[in-house]
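Each chain carries a letter (A, B, C and D) given by its place in the written order, and its residues are counted from 1.
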Amino acid sequence: MSYLQLPEGKELDFVAIGRLCIDLNANEINRPMEETMTFTKYVGGSPANICIGMSRLGMKTGFIGKVANDQMGRFIVSYLERNGIDTTNVVTDRTGAVTGLAFTEIKSPTDCSILMYRERVADLLLETGEVLEEVVAKTKVLLISGTALAKSPSREAVFLTLDYAKKHGAKIIFDLDYRPYTWTSNEETAIYYNLAAEKCDVIIGTREEFDMMEQFEKGQRDDRTTASKWFSYQAEIVIIKHGKEGSIAYTQDGESHTASSFPAKVIKTFGAGDSYAAGFIYGLMNGWTVEKSMEFGSAAAAIVVSSHSCSDAMPTAEQVRDYMVRCNNGEIVAS
Amino acid sequence: MSYLQLPEGKELDFVAIGRLCIDLNANEINRPMEETMTFTKYVGGSPANICIGMSRLGMKTGFIGKVANDQMGRFIVSYLERNGIDTTNVVTDRTGAVTGLAFTEIKSPTDCSILMYRERVADLLLETGEVLEEVVAKTKVLLISGTALAKSPSREAVFLTLDYAKKHGAKIIFDLDYRPYTWTSNEETAIYYNLAAEKCDVIIGTREEFDMMEQFEKGQRDDRTTASKWFSYQAEIVIIKHGKEGSIAYTQDGESHTASSFPAKVIKTFGAGDSYAAGFIYGLMNGWTVEKSMEFGSAAAAIVVSSHSCSDAMPTAEQVRDYMVRCNNGEIVAS
Amino acid sequence: MSYLQLPEGKELDFVAIGRLCIDLNANEINRPMEETMTFTKYVGGSPANICIGMSRLGMKTGFIGKVANDQMGRFIVSYLERNGIDTTNVVTDRTGAVTGLAFTEIKSPTDCSILMYRERVADLLLETGEVLEEVVAKTKVLLISGTALAKSPSREAVFLTLDYAKKHGAKIIFDLDYRPYTWTSNEETAIYYNLAAEKCDVIIGTREEFDMMEQFEKGQRDDRTTASKWFSYQAEIVIIKHGKEGSIAYTQDGESHTASSFPAKVIKTFGAGDSYAAGFIYGLMNGWTVEKSMEFGSAAAAIVVSSHSCSDAMPTAEQVRDYMVRCNNGEIVAS
Amino acid sequence: MSYLQLPEGKELDFVAIGRLCIDLNANEINRPMEETMTFTKYVGGSPANICIGMSRLGMKTGFIGKVANDQMGRFIVSYLERNGIDTTNVVTDRTGAVTGLAFTEIKSPTDCSILMYRERVADLLLETGEVLEEVVAKTKVLLISGTALAKSPSREAVFLTLDYAKKHGAKIIFDLDYRPYTWTSNEETAIYYNLAAEKCDVIIGTREEFDMMEQFEKGQRDDRTTASKWFSYQAEIVIIKHGKEGSIAYTQDGESHTASSFPAKVIKTFGAGDSYAAGFIYGLMNGWTVEKSMEFGSAAAAIVVSSHSCSDAMPTAEQVRDYMVRCNNGEIVAS
């Protein structure tokens, strides 16, 4: 059964809006960053990673965002274009903003952290007047990412984009992607996350992210209650991630869905969620079952956590299928 | 026909949230403020005025707001209490914020202006954690005023209050009350006004205010189109004010309604909208027709514009009825 | 003996730089401000008061400052001009700043307080490029007031004005006038007060103000140590005020000077320091002894504390002399 | 003749205050940064580089500064310590500030630029209360760098440190090191540069930096006028750098001094000024003539511009002497 009725006659399959930044990944890993001497540069940012992932999987994609007017910004745009992503609506800042940075520290496959540079970043300066309605009009699916709600004017640009998406019939996917820095307070976060989620068709987040959104609500909270709340607005699918215990997807028909995961020789955990999202959305858009889509997302995630980068490691559909076959054959086992 | 189905069994009729400030009205009028030497102090702020108006008309009222921890703040709370308004949820700032001020200049009955002090005002510092759900739970009607959306954290406090009101079945009235100062940009204003209006049952504003909210929409705009848009969300009544040409009210049944206004010996124009709103809402809550409610609002407004203050001049129901009788008898004619 | 060698051939006697604001004095006094219903408007701000005082005493004066582009700003400029003060270098803000306000509360003659509005005030926006070197060039004496050092760009404008004054031979008087609001920290205050004081010829302040400036210094602090420190820079006279115990003036020759004060029927304490400063500087500039100048300042202060306003109550030289005579005759006794 | 009379009996030769940051130098050079994929991490910041240089030259050194509470901050402190620099007064931020970054782009030996990250950096958050008077008390020479004056509270910390240095007899060297970013305006820069320079014994800067400081002064400006101005305050030596045309040093005795430079196989221009300053100050502190000191500085600079890094390439005294010999022997010629 196909859960997401996609609009017909659209030029693009998938458009993401939000963060575009740079990952600086430690080359010398399995040690504290103090001892890392060199870093390799990649395009990063959750919606960017997902969009690159969708493009690698063969979808027609575009991006709505803002980059700094510097070497980092130009690198990002050129990388997106080389990956076949429509950058018509990637605008360049003219106010001296910088590109967000994420230095990754990999002490061990399970002990990873990020040092962020998020002050005065270009991606949060996207303005309502810079969002092109015609770009939103031509996509089947719009993906928004929570971090873009963290500050004005980016926050307002996202709300306007949601209105454009509704007007033109695009399905809206909300990847909660909550990052505490850049938000002023927990309460502020909850308010805007809720206002956005009320307008979305698919909501993907961790249990902790949904808890954050429900901080003003009293009484027992559980996954089914959470899902029901959003079905009373607009949602058709709600996915709640429980880390190592796996994810559970709820659908409006009252069903819940799970899928098993795949083994991997883990280098780091970064990028798991983004590649999972790309694989899952790809499945849904192909009309697969929720289970099959989740499985495909899990395999894509296993590939990315086995690699040094996030964006650059996003697999093609063939690579995902091949990985699944090799896992099923026992050729790949967990590290 | 009664348009607004009010919830039963509520302790309060009417609660307003938002601005509480001080008006400093020129005593020596009909001259530029440069030549005014003394000022008289009144409680001000659009939702405060409306709430005082409702209380004078005999309704059980309460207020949700924040005042400075100074003499002005204490004066405001004491004035509200003397007017029978429940101030359980009027909290006091502890960060050194000040009370907003409005110095009025009355050069002539038709040439009035306001000099505002709105930097770091206490009313915009109301936080989500300070809004008492139990106060919202016990009112039939909640009134929000646009200015409270202008800044964080007041903006988030209003959105949370809207959620509480929905949850407890209160009818929500949105007095647009757009004031350009304190807003960062026109686009920002439109985004949050729209997000709030989508959740409201009655929306009252000027044509210019609705135009501001529709700035991202293309095509011909007129009153009926505006009203229809809001009926597609939640609204039951939309009132669009056209200044001297009068107001027009649209209802979900497709009808439009107008009412004639009353003559007045005008001293100044301040407070006309607030007293109109109080009178109109009072009528609706009494189950009167839209026309009769509008007429009552007009009479209340005529009384206030004939006085030196806004809040302090708010009439009782008897005063309004008496004014209408005297107008009908020809005892009162326009200045 | 004349302590202050004034430059010859200057067109103006006295120029002050800094705060220009509005006092709103309670008309109904001897009660908390909550119960005051009306206020009277006066020009205020310590350097403004001193400058008005100097003008009333017959000196040729000018002012360097910035006012809001509103009715309050225009009132201030017009009042200065009516008092014979050269306003060539009073510039008007074009950024939407407001005029600082001081609401006075007079609970009793000895229990007075002020409610300040100092957010985004025009006076602190004076820029280096707006200070006219030719105005500084033509004065014998420049007075700076500490509050103007509280924020950029006013702080830099004052330092530039000090350079201009040095270059053109004007004597510089520093009225410490420390007001905690508007300063970010105590440490910041001390740093800039000291940098300014190093360049001044006469320094006037309370013991508490000098203590604040000496917070980074260790060891025993007393008045003589304080004075010595400033004599090692540029100072010729240092006056340290001890409230009711009177003031003590130190001179570079090692002498200290005191003078008795005058009785007054005190209404409020505001304005005492400003009128004292005006009277004292007037005496010095006339070549009087330090003692005689202090005495004249005390008499001027006694007149102002017996009146409702500060600026408007500044006496003429004849009024001061007359007051001294009446005190000496026993016609005036303390309240 | 020895120009700088150093105090006796001090434990440290040299203490610098100010910027501590990270350089991320492109590994793939002679191309735009867009095409650089990996970067190597070094300690950076002009006063840090000079201090490391002084330490390599054999001086006993210390640093006064602030680092972020993260991996970058810990790397900086550990690097300073490994270079024998006393870090007693390097404090760690606790407010979530970051470490300043400088990505270097080397398009060609003569076409180099820097991409800076300077928002909310720890080094500008050094507070007056964090400067240890005892550290200043035990050094012969204090070096301040202009960038530390760019923002509060670092600006005030520098002014307090200048007072401590004066009190304890340390000679003060001001490396102007003007960087436009982080300053609010050109006028603000000039005011604080001048206030600091008035208190310094040696001032080193480019002609453009001195021009910036003299923007409020009228009339013909030339090097000798500039030097004379500072001799009228406190300065004993003023060095004005003219890029490729070399530097000129003025001394209080009215003499001017120049020295020839050394050939180098230039990789990039970064670090030339810092290594020059270290070499020159080293010479002065050894009692060499100004000419000989300048020559030694030039040789040190030639070594650094031939290397990939700034800090890490700072030479020992022996390396500098060796380089001079090899140049004189014709073994090294310009690239």
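List of remarks:
As a convention for this text, a contact is a pair of C-beta atoms (placed from the backbone, for glycine too) under 8 Å apart; a residue touches a chain by one contact, two chains touch by 3 or more.
Predicted model only: the values in this text are computed from it and were never measured.
Chains touching both subunit C and subunit D: none. The chain with its Cα centroid farthest from the Cα centroid of subunit A is C. Averaging Cα coordinates per chain places subunit A and subunit C 61 Å apart. If you average the Cα atoms of subunit B and of subunit C, the two centres end up 44 Å apart. Shared interface positions of subunit B, defined as residues touching 2 or more other chains, are absent.
Under the stated contact rule, the graph of chain-to-chain touches is a ring, a single cycle where every chain has exactly two partners. Chain pairs that touch one another are A-B, A-D, B-C, C-D.
Subunit C makes touch with subunit D in their complex at residues 127-129, 152-153, 156, 159-160, 163, 184-185, 187-188, 191-192, 194-195, 216. For subunit B in complex with subunit C, the touching residues are 24, 27, 32-34, 36-41, 70-72, 74-75, 78, 98, 101, 103, 105, 115, 117, 119-120.
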